Each structure stands twice: as C-alpha cells, then as structure tokens.
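Before I ask anything, let me first share the structure, which is written out below as structure tokens.
Chains here go by letter, A, B, C and D, matching the order in which they are written, and residues are numbered from 1 within each.
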Amino acid sequence: MPHHTHLTVRGYHLDVYRHVNNARYLEFLEEARWDYFDHNGLAEFFRNSRYGMAIVHIDIHYRRAALLGDKLDIETAFAQADARQAVINQIIRKTGSPHILAEARVSFMLIDQTTGRAIRFPTELQQAIAAHIPSNPAEPAS
Amino acid sequence: MPHHTHLTVRGYHLDVYRHVNNARYLEFLEEARWDYFDHNGLAEFFRNSRYGMAIVHIDIHYRRAALLGDKLDIETAFAQADARQAVINQIIRKTGSPHILAEARVSFMLIDQTTGRAIRFPTELQQAIAAHIPSNPAEPAS
Amino acid sequence: MPHHTHLTVRGYHLDVYRHVNNARYLEFLEEARWDYFDHNGLAEFFRNSRYGMAIVHIDIHYRRAALLGDKLDIETAFAQADARQAVINQIIRKTGSPHILAEARVSFMLIDQTTGRAIRFPTELQQAIAAHIPSNPAEPAS
Amino acid sequence: MPHHTHLTVRGYHLDVYRHVNNARYLEFLEEARWDYFDHNGLAEFFRNSRYGMAIVHIDIHYRRAALLGDKLDIETAFAQADARQAVINQIIRKTGSPHILAEARVSFMLIDQTTGRAIRFPTELQQAIAAHIPSNPAEPAS
C-alpha cells in the first residue's frame, strides 16, 4: 500500500520561471521517503544502526508544473529490493487530482558509515522492505 | 567540445551522511548549464526572448561520494536536439581525476512564458544547439 | 495569539556538522510565515493582488542545534506594523520543549510587482496586520 | 584587507518574486566565508582539527534586489574576535557597483565536534583571526 505525504508549494520552492525548480522536487521526494520510513519503522532501523542510504540512481520525469500554493500529494512505495539495492517509486500529484506532476524511480544502496563502503542489506532489512512491496506495483511510465 | 565548470564542495552542500546531498547535484548541474549557456550565447538568447526552459526528464547516476573541500569539474555538452526537445549530458568528476562522481542526461523543452505552453524550438535556436553537438558524443553509461 | 507550524528535521536539512544549516532555518521561517498567512487570510490577499513581500531585515539568533529527526514547533506572530514596514517574530523550539533553538525578527516591506518599487501598506492590509499583533508580544531576546 | 568572492545569480537562486530568495543569501555568505578561509589558511586549520564553527547570530539587511544574471561581489572580513566568539562582516554588491545589495554581521563560536560543546578559541586560532582584522574595519550600517 503506497504511503502519501502532503506538502504545499511555497515561494522559496519556485525559480525564475515561477514553477517548482527541478532540484526542489528531489527534496520533496526525500521528505516523503523519510516520512514513509517514519511510518513503517525503517527510520528507527537507520537511527539505531551505523548504516546509511546512498542514492545511486534517480530517474525523474517532470510532466506538469507545480505552482505557488499548490497542495501536493506524494505517493511513495517500494518497487523492488535485492541484497544490494532497493528501488522506491514516487509519484507527485496535486491533491485530489489524477494528473501526475512528476514521477521518479529512486535506487539506493546501503553504506556502512564507519567505512563509507557499500554493504549487502542485512536479512532483517531485506525482509522488512519485501513486506512493503505491493504485489502489483504501479510503475512510473518510462 | 564539452564545456567545463568548476566549483568546490562546501559545508552546506553536505547532508547527514557528510556527502553531497542528491538534490544539490541538480543545483550543481543547473549552475553548469547556465555557465555553459553564458559561454555559447544561449543565455543571451533566453534573456532577450519570452522563452524559458522546462526540464522534462533527468536521469542521474551517483557513482562516488563528493566530500567537503572536493574541487569538482562538471563537463556539459549537448547530446541531441530536435524541434521539440534537447538533451544535455553532464558528467561530474573531481578536478584532475578520471573517476566519475555523477553523470546525468537532462532533457528540456521550450515554454512560452506568456502562455506557459510548450512550443517548438525556433529554427535559429535549433541550429545554434546543433552547432554545439559533438560529432562523436560521449554518452553516460546507462 | 501566535501561530504554530510543525516540521521534522530531515537528512537534507543538515550540513557537515550534522546540525541544521543556518540557511535552512530561513526556509523553515518562510515556510511558517506562509503557513501563518494561509490561516489568517493574508495569503489570499497576496494571491489576489499585485503586491509582494520584500524581506528587508532578518536578525536571527541560533541558540541550540537542531538534529536529525527533531520535531520542530515554529511560533509566528506579528510584532509591529506601520505604513511602510511590518515585523514578524518567530521562535523555533523542539515540540514540547521550553528551550529555544532559534529566534528571529523578520522585517518586510511591500513591493508592487509590476514596478518592483516599495509602496505604502494599503489601509486594509495595515488593519488586518494590526488585528494580529498581540497586545503584549513576547520579544526575542537581543 | 577584505576578501572578495564572485558568483553569478542563476535561475534556481530566485523565488516567486524573481529576486534572490532571502535564504539563498545565507548560502552565498557561507560560500564566501569558506572561500575566504581557503585563502587565509583557516580552512586547513578546521580540516585538521576536531573543531567546527557554530553560527550563533546573523544580522542581515537586504537593501536592493539581486536578479537573474547579476554578477555579485561578496566582501568578507573579520570584524572582531575574543576567546569565545568571532564576528565576520560581509557585504554583497553587484560587481563594479558601489550600491550594497545586502550586508550582514555573522557571529560564530567554536564547537568540539566530539562533544558538541562550545569551547574557547585556541590561542593560535585567536591570533590567526586577529591578524586578519582590519585596523579600521568598515562596519555594516545598522
């Protein structure tokens, strides 16, 4: 079941074209991932471990402009995970609207913060993530 | 011939993991694109027109962490363009190093700022871009 | 009566020292001001006018560090207003804590967006603001 | 002798009013301070120590708007220092112009990153800073 995060577009999110700047969307997505992790117990896992998430790939399509005052609904769901990498799908819409403003695939690995090196996902984390992957995930269009 | 932009990683570019945050890379890439446009005359074109660039797609791979004090070299080059869309390839390395920290394909359309609608590239812009596409472009690995 | 806005400190808010970066606090304060304006009708006033707010002065004291996962409570209240300038006091605490993390005085003027020039506050705006100034405002310590 | 840092205003620095957002100025100031520290040896001091700088107070006046494409000149100079706190004055102008866009007083303390606590400035740091304080410093107007 995807998780939904809500936020409102403010003046400082906009750029010279008065729409949300492309880099800000990545902060919106990160906000939504932390919010999702707060709700499924993963934030606690990371706080109590020496592990961190290293984003290795983001593929983001910007489909419509988000403007001042728009209320956004960000849908976040795990799409897949193996021992080395997990993928999260995120879709941004205006609240109550079916139209997609932006959609992204975000892939991350696990790093050991004491060594800075990528490591395999611990079994408990892999299982926790697997439990959150919808059986029939909605894929962002490529 | 690709264009090179140089910047240094500062404390405010880093996040909880003490490496450059994924969203900051997009600001680095935007900085490098404006810098490139300043040098090839496109910035002037945009300043004197009612056109703006709307990013429609970014595909970015984060390969190695950038850390406090790292001096970065961002290589920017047009990869392709047609009447509706242009693609820019950007590669971030530490200055003097062959290793890639991040590489991205950035696609944009042209919008008319008075209507907010996507429009076809004017012939002069299409030609100006075509003149800047290397005959044998280095593609980011997928 | 001061208005309260709540947000959570995320990984991308932190910098090399792993506390919230000084510039991010200003985004938190702007977020809280828009949120306040949404609740007291001023956001609507600005959306329906050609006026914008130009910040002319910020005096901010950083008293304690905000860290990953901290839940913040931002208190926002008008402190004074005359025909040319209004002042807003904002105080950031951890939710439920009496300790102040940061406190700021934010002064703004009104600009006419068509001319870019500062203008006097329209009477209706001056009155709307005056109605929101507590009779006995808590001043940030200097 | 004040230190000068140069940067150009880009599309992502602007906000809904198409001038540089108030929070961005603080990133410009931080950029200039790191740049200054790179040139006077202080950056090396911080990299080789367990000390960090904690900003405790910023007093910033925004006097004129900075717009897309503006080339900025940021002047940075130590104003005072004692065993507990140092103050840096920073002034932002358009390059070649006498007019001030923004000016700030930035005060910081030293923290021990292993304990997170404020500490007294080591004598060598206090002396290094004192050597950089102009005998007749230009003060930002209050």
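Throughout what follows, a contact is a pair of C-beta atoms (placed from the backbone, for glycine too) under 8 Å apart; a residue touches a chain by one contact, two chains touch by 3 or more.
Note that the structure is a prediction, hence the values are computed from the model and not measured.
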- prompt: So which has more C-beta pairs touching, A-B or A-C?
  reply: A-B
- line: In whole angstrom, the CA-centroid distance of chain B from chain C equals 34
Chain A-chain B separation of Cα centroids, rounded to whole Å: 23
Task: Could you put a whole-Å number on the gap between the CA centroids of chain A and chain C?
output: 29
- line: Multi-partner residues in chain D (2 or more other chains touched) are 11-12, 16-17, 21, 23, 27, 30, 68
Query: In graph terms, nodes being chains and edges touches, is this line, ring, star, complete or other?
result: complete
- request: Please name which positions on chain A make contact with chain C in the complex.
  value: 8, 10-12, 27, 30-31, 34-35, 38, 43, 47, 68-69
Message: Considering only the defined contacts, which chain B positions touch chain C in the complex?
response: 11-18, 21, 23, 68
Query: Can you name the residues of chain C that touch chain D in the complex?
result: 16-17, 19, 21-24, 26-27, 30, 52-63, 65, 111, 113, 116
